[in-house]
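Pasting the structures in now, so scroll down.
You will see subunit A twice below: alongside subunit B first, and alongside subunit C after that.
Showing the complex of A and B:
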């Protein structure tokens, strides 16, 4: 994993690793197959965040503020639902699934960040709504994930309160 | 044995129901599924389930508050928290409010069955 963390003044490399481990654990646990971390990098907030067709967002409050996102396309979500023996693959269920994954990743991160990183219920967006999504940080952190042939992104856009 | 499933995700609610219906656990009858803590407490009063699986992060009323409300109504309630919130303080808080066990998301079929069996014993 090539990660540029030099510009992260308030979230360090160990803290980013918490999310890498959470996403790996999610796919291993649910599918029995590991997800590959393709890249991890700081993006430039002058551009829209790297999101796919469906995005789940968890708002962060307490000792931190900002949001954590998980984004992917319908094919990955449908495959996950199939593995879970879920027969319903409509738009509503794909949004539910992407929100639940975001919720799981953010919730798991509290093992490191503690209960003072408060997490919201998931907010979900489809492609149109998330097209011009902008981060809070100047340079949100992005983890690009591949599971089987499918792509996804985890975006960590949180700041520690002073 | 009457079970109430509480989670704001319909995918998770159905997954729990499916895992249990496919398992060899003693006959479990799902008496309700709730997506908020408020709905959960109302269904709890209506059905007095033997077992509750409880999410924590939910709209309206969260899982810790719902657990507390259920324990007030029926102090020997068997409540299994199923949540992604992985910090120790949250688990301790839920257990102090009367939950009998805690299962972290993401979970697999065996982990859910094992956690429920522990509570049922």
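Showing the complex of A and C:
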């Protein structure tokens, strides 16, 4: 009997990998060290999205709709700014840093999906603003990535138009 | 044939210019011909005018010579030897005048100005003819009177001049004869002079007319030629300008088309090189940088597997050869909806179409169209999947609607619970490799459990999905390493499972609504539990037996099961599912094998559950088959062949230790994995379930006779 494991869900593993790889590549280009997938799970939409203190988001429209998030804490962002020779580590700069990673996601999405996906400019949020973020899918994908000893997450919450 | 049509095309296109050039050539030849002819005539006229002028002079010289001769003779000059200048002069000029006059009348070769022979044409105009005739009328009597001067010693008279003729004149004329000639000359000298004058004038007029005619012809011819050149020039330039404009326009349109079309469009020649122009989208569609004149095959080679590449090369050769019809080989196109992989490893589907381009009847190029059909292909696949899913959902629905709502609900809750557990474990993964392997083993057990439950429920959709899920997990397990991206795969599979479960919840609601309409059952709760248990297990045994070519009957003795707590019944159910699966697949032999061993063709499975001790709530549940039993030798062999142990290590294990191996994750004696056996997870699941109810598992088996699994537990 043929194995029937085609994901019923409207998004594909490869689509998820595009975003995760974009993040991974960003870290390896900026810091010379890749970010690796530590874990992946589904979150329940009845709860708020599991985000860290700083979150960058890109909105998706077109054939797909929803949003992609990159979220992490201040320690990772500070370390990143340090590597980039940015001496200022204020709230604002941390938000800029998370925004830039979201921008990388946007760039990759545009390049990869072309006309199928319209991608917004990145939006950034601090902990207060992202506290009650709700997903669009029943079970958004959460991919935990690790860079050095730091943690971050990529949340894929997009649907394909029927 | 093709060449003729090309020639015809060129003739039509350049007709105006060809006609103009032809007219020019005709004019030119006409003018040249006329010129040539007229120059002859003018030369003839010049001779005539010249000689007619000479006639005037000759007539005067004749008269003068006559008078001088008369004078010479009167003064007593001797005539005997004839050596008198005037007489010699007469003998020279008279023949010359005479032959020239004859030439004017009849057309003849005469001595010209330098006394060399020249052809004098007959006069043409009536006036000239009259002048010549009148001159003759005077000249002939004149010549008669001059004859005595030309008398030769032999008695003949010849006026005509003959070259190199030695003439001996008689010189016998007398004074009277001379006087008569002189008299005649005096009378007519002026008349002859006038007539020759008139002839000259008339000849000059004719020559003038000829010259004028020639000039007119030349003028007309040259004017026509000039107009022709102007016309040709104008026509050619305007054609060129128009052609250039059309070419520019066409080029602009081509460029516009090539920059606008979404498809990749390009030409390849016989050397498989790209043309100089191609659509701008080509690079985008191919996701490769494309340059004019680039060889096509290396581009393709980097995109498709070797076999597809080889086939395409042959296909292109086939199209360039003109033996086969394009439409007949279209189906052979290996690049029809071909899967390609770009640098990032992302798979897409491209559609390449090849069309022959003919030039003068021969295949010069192939026009290649490339489209990115990923969206279409994936939509088609999604549609197929959706259809398949709908079909399976209907199957599930039909199957499940016949089940008790309670059972469905139980399956839904159990499965959902298991999925939640998996997700929770994924969320809390400790990211050590060892932890991940444990997590993987846990997920495999969980999914295997769901597979069994789904099979028992007849929910094929869930069973096959769980089977595929397990297959993917076993790949990771066999690799001995769980990678970060494996988690993404597992999560996607998990999400798929959730979605299937969501579709089931709708069915449960409908099924529950249906159940409400039914009149309450007359059977007791205990009897109901017993019935459900049988309904769960019996069809599963039948299906597995049918799938694996076994003939099996089953006997239940489970009256006591109704009095057990639901929690325990659920676990026993799961245990029974795994055990009967093993019993059919690994225990019961095929009917042929059974016959060969002197057993009945039909195998027997007994399932029983009863209190073993009426006072202490001790129960036992067993599944027994009369199959081949557990062979220690087979377990040992399997351990060695799968590389888990060396032959030495396996030999050292006791029979009990060997049998215990079947409860370890990943052990299976089935040679190929299918949905009913082979992953080595079943026994693993049983151990886990037995633990859950704080039970003990006892195994009894005899090779060639039976296998019995006994679960001892407390209710």
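Note that the second predicted complex is superposed on the first by the 151 of 162 C-alpha atoms of A that agree within 3 Å, B and C clash if a C-alpha of one lies under 4 Å from a C-alpha of the other, contacts with A are read in each partner's own complex, and residues count from 1 in each chain.
Simple rule for what comes next: a contact is a pair of C-beta atoms (placed from the backbone, for glycine too) under 8 Å apart; a residue touches a chain by one contact, two chains touch by 3 or more.
No experiment lies behind these values; they were computed from the predicted model shown.
Trainee: So, does A:107 touch the first partner subunit B, the second partner subunit C, both, or neither?
Mentor: first
Trainee: Looking at A:16, would you say it contacts subunit B, subunit C, both, or neither? Reply first, second, both or neither.
Mentor: Only subunit C; A:16 stays clear of subunit B.
Trainee: Between subunit B (first) and subunit C (second), which, if any, makes contact with A:133: first, second, both or neither?
Mentor: In the superposition, A:133 touches no partner, neither subunit B nor subunit C.
Trainee: Under the stated touch criterion, which partner chain does A:121 make contact with: subunit B (first), subunit C (second), both, or neither?
Mentor: After superposing on A, A:121 lies in contact with subunit B but is clear of subunit C.
Trainee: Could you look at A:40 and tell me whether it touches subunit B, subunit C, both or neither (first, second, both, neither)?
Mentor: In the superposition, A:40 contacts subunit C only.
Trainee: Is A:152 contacted by the first partner subunit B, the second partner subunit C, both or neither?
Mentor: neither
Trainee: State whether A:141 touches subunit B only (first), subunit C only (second), both chains, or neither.
Mentor: In the superposition, A:141 touches subunit C alone.
Trainee: A:67 contacts which: subunit B (first), subunit C (second), both, neither?
Mentor: After superposition on chain A, A:67 lies in contact with neither partner.
Trainee: Indicate the residue numbers of subunit A shared between its subunit B interface and its subunit C interface, in ascending order.
Mentor: On subunit A, the overlap between the subunit B and subunit C contacts is residues 114.
Trainee: Applying the document's contact rule, which stretches of subunit C touch subunit A when the two form their complex?
Mentor: So the residues of subunit C in touch with subunit A come to 284, 344, 346-347, 375, 385, 388-389, 392, 423, 426-427, 429, 431, 461, 464-465, 467-469, 471-472, 483-485, 487-496, 498-500, 502, 674-675.
Trainee: Would you tell me which residues of subunit A are touching subunit C in their complex?
Mentor: Checking each residue of subunit A against subunit C gives 1-9, 12-14, 16-18, 20-21, 36-42, 63, 112, 114, 116, 138-139, 141-143, 146.
Trainee: Under the definition above, what is the set of subunit A residues touching subunit B in their complex?
Mentor: Residues in contact with subunit B: 25-26, 29-30, 81, 84-86, 88, 93, 96-97, 99-100, 103-111, 113-115, 119-122.
Trainee: Taking the touch rule as given, give the residues of subunit B at its contact with subunit A in the complex, in rising order.
Mentor: Listed in rising order, the residues are 8-12, 14-15, 18, 57-59, 83-87, 89-90, 104-108.
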